[in-house]
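Naming follows writing order (A, B, C and D), and every chain is counted from residue 1.
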Amino acid sequence: MSEQEVKNLEEIFEQKIARDEKIEPKDWMPEKYRKTHIRQMSQHAHSEIIGMLPEGNWITRAPSLRRKVALLAKVQDEAGHGLYLYSACETLGISREELYEQLHTGKAKYSSIFNYPTVTWADMGAIGWLVDGAAIINQVPLCSTSFGPYARAMVRVCKEESFHQRQGYEIMLTLCRGSEEQKQMAQDALNRWWWPSLMMLGPTDDASTHTEQSMKWKLKRKTNDELRQQFIDQTIPQADILGLTIPDKDLKWNEETGHYDFGEINWDEFWQVVKGHGPCNKERLQTRVDAWENGAWVRDAAMAYSEKKAAKKVQKAS
Amino acid sequence: MQKDILIKYILGIADNSLILGQRLGELTGHGPTLEVDIAMTNISLDLFGQVRSYFQYTAQLSEEDKTEDDFAFLRKEREYINVLLVEQPNRDFGYTIARQFLFDHFHFLFLNELQNSKDKTLVAIAKKSLKEVSYHRRFSSDWIKRLGDGTEESKRKIQIAINDLWRFTEELFHQTNADVEAIKEGIGIDTDKIKAKYLENVSEVLAEAMLEKPDLKFFQEGGKKGIHSEHMGYLLNDMQYMQRTYPGMKW
Amino acid sequence: MQKDILIKYILGIADNSLILGQRLGELTGHGPTLEVDIAMTNISLDLFGQVRSYFQYTAQLSEEDKTEDDFAFLRKEREYINVLLVEQPNRDFGYTIARQFLFDHFHFLFLNELQNSKDKTLVAIAKKSLKEVSYHRRFSSDWIKRLGDGTEESKRKIQIAINDLWRFTEELFHQTNADVEAIKEGIGIDTDKIKAKYLENVSEVLAEAMLEKPDLKFFQEGGKKGIHSEHMGYLLNDMQYMQRTYPGMKW
Amino acid sequence: MSEQEVKNLEEIFEQKIARDEKIEPKDWMPEKYRKTHIRQMSQHAHSEIIGMLPEGNWITRAPSLRRKVALLAKVQDEAGHGLYLYSACETLGISREELYEQLHTGKAKYSSIFNYPTVTWADMGAIGWLVDGAAIINQVPLCSTSFGPYARAMVRVCKEESFHQRQGYEIMLTLCRGSEEQKQMAQDALNRWWWPSLMMLGPTDDASTHTEQSMKWKLKRKTNDELRQQFIDQTIPQADILGLTIPDKDLKWNEETGHYDFGEINWDEFWQVVKGHGPCNKERLQTRVDAWENGAWVRDAAMAYSEKKAAKKVQKAS
């Protein structure tokens, strides 16, 4: 292609985005757009898959049948989200195997929040309320992002995430209206999940790369710090209803800004976890790798079987 | 019919779904593919849904002030009366599928008959569950075929699992005293009548899967009498943990 | 010294032995040789013996009417304050030995110092335990050498285990508030003082075993704050099962 | 060797046994004596090793520290018994590996009682009381059997077994003095272990092979039926003290014989279990095979290490 042709294509591409039209897999797109989308969507897909594990940890121990069914359904939804997102990713010409390979070798990232252990039942509430809450804030803008398959996947994901968030909040509410011990359990979960949830909104703006480009492609609409403020402002009143205390002594309402001021985030911890040294990084990856390796013979069998079937069909047809 | 016998009869049905659902729940997030993971979680969900219907009914029948969760979580090991088959561990995917396959074919025929019960609540549960179980049966039978007629390795593995678990199939048809009573009353299902069909259906799938039907003389039993395998205790330790550790609380 | 702080200090010691003893107890009957099976059960026995001494002491110190078993079995997961290292699962014999080795060397130096405590009961327990732990340390160190300098496979496996578990070693030396208080009173051990010796001793064995000492910047902690790994819950489900299911009974 | 020489040796051998002198591994012995002893001692050793599993099943769940320590020690003792007995066996020229091989392939037998599951804590009591009780009755006569290493091993084994039996009985006693639920648990355990314990004393005399030869070699002093009667007579009063009911409606004191009459034993069940179809036969063997296979790399390493050490020593010496 001549330089001029590429330039024309780029122009058409950018106009489309400006007009809020979707870019579809078969459309021409700059290589960087493709790569950025593979990176972000696969990271998102991996987060759903790894995210099944901390909650999966409580399926066998859910305290009532109702909660067990809800938890199973929730973790299953996450698998479903992973599936749409991997499929969306595959439209950009990368295979599921390659994506898994990147996850299993540690090349691809996933949301660091899932590297914390779920140590009590209340964590099922806190994850729904806080982690899904933060995820929604990250994700709602993506429902109108420029890449069609991603935007459509996110519409579906966001709908289910809101449901999960309400469910999580309801778990917290039940605990807070329960015995003293249950309330303590809820407070303890809040204490442990609060700061990691704030970190989920990403590094502070000055430490964040890609922001400008992502804004242009509508992969981002607000900066990390704006999103974080939004999350805090929306969550504090919810904590008040629960009667729980946010574990931040610097937290207070600022009349002037109309927002909550909050304390210093421990970014050292954030980067430690991102770099693979969180409490459960090793366990999470190991679990996925084990599942993948233990399943190899099953996938091989399915493949061999469908090849045999196909061959028989051809034979019959001829 | 005496309520406590009817309850016992229903527990004999419900416990199978409860324990199998629990076993499948262990696997969520660990499947060989994402699609299989989702499908197996789905089966688990269906089974727990059925369990809730059964236990809500037993709670209603019970003289004491009991809830569905009391039946699910607060019995002692010797009081669960599921068959041994469903409590067998997830040794590998072959065992998981073989267990599912051997149970689904029974479950399907059983529910099909249960539609003719004189107990209207059981009829309603059976009708609703049958659709689900018909899907389970297709899922597990398809996988038996894939594994049996897949690779050398998968054929070997699934045959081992089938051979190993076959000894638990006879118990599916055993009748406890409560079963006999319920059959007499026209509420329960005479499992003798579905046994031939079960063997026929299972054999058909095995043949298509190029697998051998085991030829066993000795079978295992015990679950229906509450004498479980040593795997059961550990399953219950996990399942009952919250209810035992925090008695009498709402969640 | 305030009794509740002293109790907390002692729990910090005892819980390590309790949880490690429990992990080793899982292996009885499953060892790679009969001799190793016996030796590891022995270590488990020694640890539980120590646990009983500690908990009998805390029961005596406690204002409430508590027994050794209340301390062992009736706390919630968040109330156990063992280090993360000892709760790590028996992934294979390499992990079991690496865990033991990394703990024994700490345990030995710790008890050695504890002999100088102002608390006479702790001194007596330390003296008795030290003999046992000196044997544990020899056993695990010898196996580190055998595996490290054995076959290619064993070298690979034990190195993986050491690398994996190394991240839990730093926590051995962390001091809780109770620890700091106890040190101030001359009852507790200043773990800072044994850290260099620990690293020296461990490095020496690793070198002799032809293994590499991991070079890590990031370590894990949490156990001493009662924030355990996800393995801990399942361990407790089994360990507490009887006490939770049959509350208040004598056995 | 000439026929006459063999005859002379046989005579010396038989005189020794008649004089109650021990046969030692280096002594001449008939091939049948050797084979019979390997079979019986290895079967006994295997029983100890497999016997660790049903009780090992409750180590992690023992209800008190005191009971946990006692159970650990007991299972460890069984491992120790296995060790002496394998060693005694090895003096007859068979290796530990061969013995394990026979166990793992199902060629060698072990006591069928260990093919029943331990389903409640009370089973720890019942096994100690009944199973160890029956074992002692089988084993005490072996303390004066003709083969020296076997006799000496049995002296040690029997001492520890009596201790275990008292311990098991004490567990039962505690349960029977406890809550109604505990007492039921004890009764349930007795119901499940009673008949298998009676079967432990072996098939009835008319179905029993080897008896005559074994008597001569002092591998047996009484017939199976005599031992069984002894076990029953001694156990009934113990059950009375516990306040438990023996699950045999035909059981009653016979003034005339001075023994208890008892009901029909289900020998079909006995043979089913012996032939490998008991409730846990598959699980027990699988567990042993798994342990053995998972431990292969460890044994290989230990072997390689000791060879290296030995080589270094030789090098130094030369």
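To be clear about the criterion, a residue touches a chain if its C-beta (ideal position, glycine included) is under 8 Å from a C-beta of that chain, and two chains touch if they have at least 3 such contacts.
The model shown is predicted, which means the values in this text are computed figures rather than measured ones.
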For chain B and chain D, which third chains touch each of them?
C
Whole-Å distance, C-alpha centre of chain A to that of chain B, is 35
How many angstrom lie between the CA centroids of chain A and chain D, rounded to a whole number?
58
Let me have the rounded angstrom distance from the C-alpha centre of chain B over to the C-alpha centre of chain C, please.
41
At least two partner chains per residue is the criterion; list those residues in chain C.
233, 237-238, 241
Which parts of chain A, given as residue numbers and ranges, touch two or more other chains?
61
For this structure, enumerate the chain pairs that meet the touch criterion.
A-B, A-C, B-C, B-D, C-D
For the complex, give me every residue of chain B touching chain C.
76, 233-234, 237-238, 240-241, 244-245, 247
Contacting residues of chain B [partner chain A, same complex]:
22, 25-26, 28-38, 41-42, 44-45, 48-49, 51-52, 55, 68-69, 72-73, 92-93, 145-147, 149-151, 153-154, 157, 235, 238-239, 241-243, 246, 249-251
Footprint of chain B on chain A - complex, ascending
49, 52-53, 56, 59-69, 72-73, 75-76, 79-80, 82-83, 86, 121, 171, 174-175, 178-179, 181-182, 287, 290-291, 294-306, 308
List the residues on chain A that touch chain C in their complex, please.
54, 57, 61, 117-120, 188, 192, 272, 275, 277, 279-280, 282-283
In the complex, the residues of chain C that touch chain A are 77-78, 164, 167, 217-218, 220, 222, 227-230, 232-233, 237
